[in-house]
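Next up, some structures in structure tokens.
Next come two complexes, and both contain chain A; in the first it sits with chain B, in the second with chain C.
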Partner chain A sequence: MANKKISVNPKSRRLMVHETVTAYLFLLPFLIFFVGFVLYPMIMCIITSFFDATMGREDIFIGFGNYKELFADPVFWKALWNTLIIVLVSVPVTCIFSLWVASAISKMPVAATSAFRCIFYLPVVTGSVAVTMVWKWMFNNYYGIFNYIGQATGMIDQPINWLGDPKYALGCIILILLTTSVGQPIVLYVSALDNVDKSLVEAAEGDGATQMQAFWKIKWPQIMPTTLYILVITTINSFQCFALIQLLTSGGPNNSTMTIMYYIYYNAFKLYRYGYGNAMGVILAIVIAILSAVQFKAGQEK
Partner chain B sequence: MSKSNRLDTNQAKSKAYYIFSFVVVFILAFLFAFPLYWIITGSFKTKQEIMSTTPVWFPSVFTGANFEKLMSSRSAPLFDLKLFGYVITGPTVPAALRWLVNTVFMSVTSMLLTCLTAAMAGYVLAKKRFWGRGIIFSLIVCAMALPKQVILIPLLREMSALKMYDTIWAVIFPIVGWPFGVFLLKQFAEGIPTEMVEACRIDGASEWRTFTDVMFPMIKPGVGACAIFTFINSWNDYFMQLIMLTSSKNLTISLGIATMQAENSTDFGLLMAGSALASVPIIIVFLIFQKYFTKGITMGAVKG
Partner chain C sequence: MKKLIALALAVVMVLSLGACSVQKAETPAPTQAAAPAATEAAAPAAPEAAPVEISLWTYPIGNWGKQEVVDQLLAKFNAAYPNIKVTVEYLTYTDGDDKVNTAIEGNAAPDIVMEGPERLVANWGAKGKMVDLADLWTDEAKADIYASVEAACNNGSGAYYEYPLCMTAHCMAINKTVFEETGAWQYVDAETHTWTTENFLKAVQTLYDAGYKTVGAVFCSAQGGDQGTRALYNNMYGGTFTNAEHTEYTMNSPENVKALETLYAQDGINFDASINGGEEADLFAQGVLQMAFCWNAATHAARTEVIGDSFEVFPMAFPSPNGTDVKLCGGIWGFGIFDNGDSAKVDAAKTFIKWVCDENTLESVSTSGFWSVRQSVADPYADDALKSVYGTFMQYMGDYYNVTPGWTEARAAAWNMLQQIGTGTPVQEAADAFVATANAAAGK
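Let's look at the complex of A and B:
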């Protein structure tokens, strides 16, 4: 209670000490988990990337050895290329698709909006393993629904081994990824469009602006922060696409669906090359950081 | 064209567009719901119906054979509690049931721990000015922007060193440490007027009382959002479980299904039964708490 009087002067050093001590007591439970199981592993990831590390023996310092090997590894470049294709296709498609769906359903009655929002979120809630299993069946060579529909409508002549053919496998992965990644952007866009100043839109429409004009001139600038956020999270999610690949193709056929995330897993947990996997993790983190920074910069200039 | 005329055509056009977009959204929604429909109906189809080259759109008879197969061999204890050096083992049940128990335990524990630690941390980050606040907050934001998977290799070695490898705690602790909940609840706490907190302090309440009696009730909607968000995410988080859990009795339901797939890769009836078991409970939870969930997503994005 001694501190009570001092609180008259907010800049007092003793108050600051008191505040700091209580603050850290409140933070302590979280910090134990955060430092222990998030921050420490992150730092270790960077450190171990300079070592030749594996199971059951001491790590050997090799400087930039892992990185040198990485840049000479053709599978790594293939994985990076595939990852970039996934990101470059899925991010714009996700954003445009979810913006269109959100603007369509946000004009509907409240009950319809929330019902549709729910349905588009379902593939996310269903969980990656269950989703992957059912798509695996749908893409199946013999009993899959895609081959049936393709043949019934005359689009394909004979069954296609969708996931076993290097021509189609990556496309199939991207399609599944899209269904599981539009849920969150739609929720965000619906709420952002709700928050747009209605009187401005009505005023513009009263002056004879078309729907398109009202959208691009008034709504679009106001939902820009949401768009930025969606770009960043969708990019990160697309980079992290893993369960689909591990369960459907294991990076095959012929590395055509190999991504950075799966290659890290493959090196670390199949070949037990921890240092090499960590070096890739560091590169992945740097690529994501650069992309996010570029997106933010571009968004702020508009 | 006079102004009123132009408004009329605008209105007619927007009406046509409205109907068009409704139809398209309806078709899309149908396509998005289809995989789930296919899981649930598939889990009740007979082997012939599953294997037919012409899809059976609706099972002719609902068979329980797939679920029976899933539950056929009793191979794991329902639970085992370690108390003071004694091990209490539950009755032996099918592995899938044990996986469900593990998943529920993991999700509930992660949820409770996350909500408690995040509410406390979010409160002080929003309402207190103290040394090191800026650094802690920027570390939190940085950690959130990085892909979670880059920490997995070091985490695996850390868990082995701590003798937690292949236990459910190896999955729970990193979820609790993930700072999204803190970020979310800090946003909520910032919306509470500081005067409320100060008034309570001046009335002589301790810091802890201020938190439990004033702050916590006011950020309850945020805690609800954080709870449901953590629950669903930890239920569906696959990568961490894949790496940390190995022995059959310690698996979670989604990991269990994935492991089953390696042995029965084309028994789609069995896989659909497992998928239904993994996804239907969490979908029901989602539908019940949908409102909180949506709120959590949108609040977390503000200033994201």
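Let's look at the complex of A and C:
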């Protein structure tokens, strides 16, 4: 049997073309921004990483020279290690704490839930500089409230230089990061828990399931997409921890709070080593991409 | 019809984006000084000169960081030169360098920048971004401006990347009230505002024994105010930061190592990696620290309200082996012009600089709170007893080594070195590592 040629009404074809053009025109503003502020910088970052680029002279192509230097740079490894510690501590703690708070406040009356949501979201909407400065005062070696309380209660004999002592500085950074990170996950978890099918929970409880069983068997699978999103976003945010470091420690003392993001800034803006900084940016992007892919894969399998 | 409307909307959106960007470009700079109408009317008309708009970015050099003060100066300038409009952006030392560097790389550098030779000459000038101001350096200017200042504004090959306005000698300060109460005052030469290293250490120990557990802080969280810590350890036993030719860093000399070892071992002196120079000065003003290593006349003026009547500030030179062989770090501030390829703007910028530095000298200098770089200009603070004390420190002005090649990297490495020492790294090891890094940067 011969194939029958499908004829398209010219009017329908015009309509399709019009709709396609319209769609692309609507997408155009975003595409311009995406190309200009995401795609182009990314491509430039990769290209520049193969050059010895600095201010005031032509860039010199050095192939993988920056990458070779990077892997032999002890400060880079220290920064990568610190960044991984921040991620490994802050991501699970943020997720677990947010889920716990969301579970607790989602059962409260609507007004109380809203109030707590606002309270936990405040550090997110407050400027990071303002929040960081308040923490800086609290950690102050000479008049900070932590030392005051510690000495008043007899927990410490001498004031602790929280941000100036390598033993404590990274912990302080992680603590501040946690307070600014939990707001959004809490709001998302509260919404996700509200959307869980109540009839399923009631049916399970009617069949004798404990609250814990109902949570893990009914609620947890339904909020998994939210969990996955929170994991990915928190991981990326933790990897890109910069403002806190810049405002509080500048990577010190003795590189104990140096992160990859701050080391990129330090090399690019303070030492004018644009190629070297970009090479670090490429490595960081690869690490984040791999971790995000793993998280997505793990989330899909669940 | 619906499709048509959708298409039209999409076109409007795209056009509006373009319009937004155009509008942004036309948005005036944060501050813009223009002569009052009456003044402009009185000014001589200059129809032959086309109006030129130039931008000035200034770091917070005394009142040059205050818009209301600078606006008055600009109004006066516009009365004389109505065709040159100057827009001003006020930078901070926290992120000012980043802003300037970003602007340079984005081909949006300001026409004029106000700062010191370490940035204008050793950094942006060395990178070929500045205009040579040799024509402003007339024979008269060279004869009048201090030779050390001229040397700092010159790149060593005959190009001048800065035309200087003012200078000061950075010093330290002590809490006189507490010094008197504890008996540490006996170690101070109150007449000359100097002391020997031995007496400095005795004074610190006396205060410590009297219960002041943190007398002074070797601050090292970042580079802010680092001229204070450098001056401290360089002067204690006569060390230097660089060689006299400004070709090599000499921080790891026995004199400097001894000074840092002495400071590290001294009761009451804390290597503090959580504060910078400005924060140290604040802690001193609040009475938390009993001495400040980051201090000068402007630092004092900015903290007068905080200090109030709580104690008396006594400015001091840094301690040195015999007390008077001290070499203070100088601060020199002036103007440089970025090479933006527009000769009309360069000419206008030079006119502005000449007016500020040569025609309106005294007012421009006193706005900074410092002293003129010209020997012919009288002390603007002759009637101010406290300011006069700061003026006497000018005799101790040491070598301006901030123009040594690799300064930016060396400066960053210096506070890292102090952090290492503060966390227990042997001083010689940390100093050797610093010198290796700094000299490598100098050799690039």
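One rule holds for everything that comes next: the second predicted complex is superposed on the first by the 282 of 302 C-alpha atoms of A that agree within 3 Å, B and C clash if a C-alpha of one lies under 4 Å from a C-alpha of the other, contacts with A are read in each partner's own complex, and residues count from 1 in each chain.
Basically, a residue touches a chain if its C-beta (ideal position, glycine included) is under 8 Å from a C-beta of that chain, and two chains touch if they have at least 3 such contacts.
Treat the numbers as computed from the prediction; the structure is a model and nothing was measured.
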- Task: With the two complexes superposed on chain A, say which partner A:Ala289 touches: chain B (first), chain C (second), both, or neither.
- Result: first
- Query: Regarding the shared-chain residue A:Glu69, is it in contact with chain B (first), chain C (second), both, or neither?
  - Reply: neither
- Query: Who touches more of chain A, chain B or chain C?
  - Reply: B
- Between chain B (first) and chain C (second), which, if any, makes contact with A:Tyr143: first, second, both or neither? both
- Query: Is A:Gly164 touching the first partner chain B, the second partner chain C, both, or neither of them?
  - Reply: second
- Task: Scan A:Lys270 for contacts with chain B and chain C and give back first, second, both or neither.
- Result: second
- Item | First (chain B), second (chain C), both or neither touched by A:Gly56 | second
- Who does A:Thr22 touch here: chain B (first), chain C (second), both, or neither? both
- Query: Considering each complex separately, which residues of chain A are in contact with chain B in the first and with chain C in the second?
  - Reply: 19, 22, 25-26, 29, 140, 142-143, 269
- Message: Quick check: in the complex, which residue numbers of chain A touch chain C?
- Response: 15, 18-19, 21-22, 25-26, 28-29, 32, 55-57, 139-143, 161-166, 249-250, 252-255, 266, 269-272
- Query: Once bound in the complex, which stretches of chain B touch chain A?
  - Reply: 3, 6-7, 10, 13-14, 17-18, 21-22, 24-25, 28-29, 32-33, 35-36, 38-39, 42, 50-55, 113, 116-118, 120-121, 123-125, 128-133, 136, 139-140, 143, 145-158, 173-174, 176-179, 182, 204, 207, 211, 232, 235-236, 238-239, 242-243, 254-255, 257-258, 261, 266, 268, 271-272, 274-276, 278-279, 282-283, 286-287, 290, 294, 297-298, 301, 304
- Sort out for me which residues of chain C touch chain A in the complex. 3, 6-7, 10-11, 13-14, 17, 97-98, 101, 104-105, 126-129, 214, 220-222, 272-275, 283, 286, 288-289, 408-409, 412, 415-416, 419-420, 422-423, 425
- Query: Which residues, counting only chain A, touch chain B once they are in their complex?
  - Reply: 1, 16, 19-20, 22-27, 29-31, 33-42, 44-45, 48, 101, 104-105, 107-108, 114, 116-131, 133-138, 140, 142-143, 145, 148, 179, 184, 187-188, 191, 205, 208, 210-211, 226, 229, 232-233, 236, 239-240, 242-243, 246-247, 261, 264-265, 268-269, 274, 277-278, 281-282, 284-285, 288-289, 292
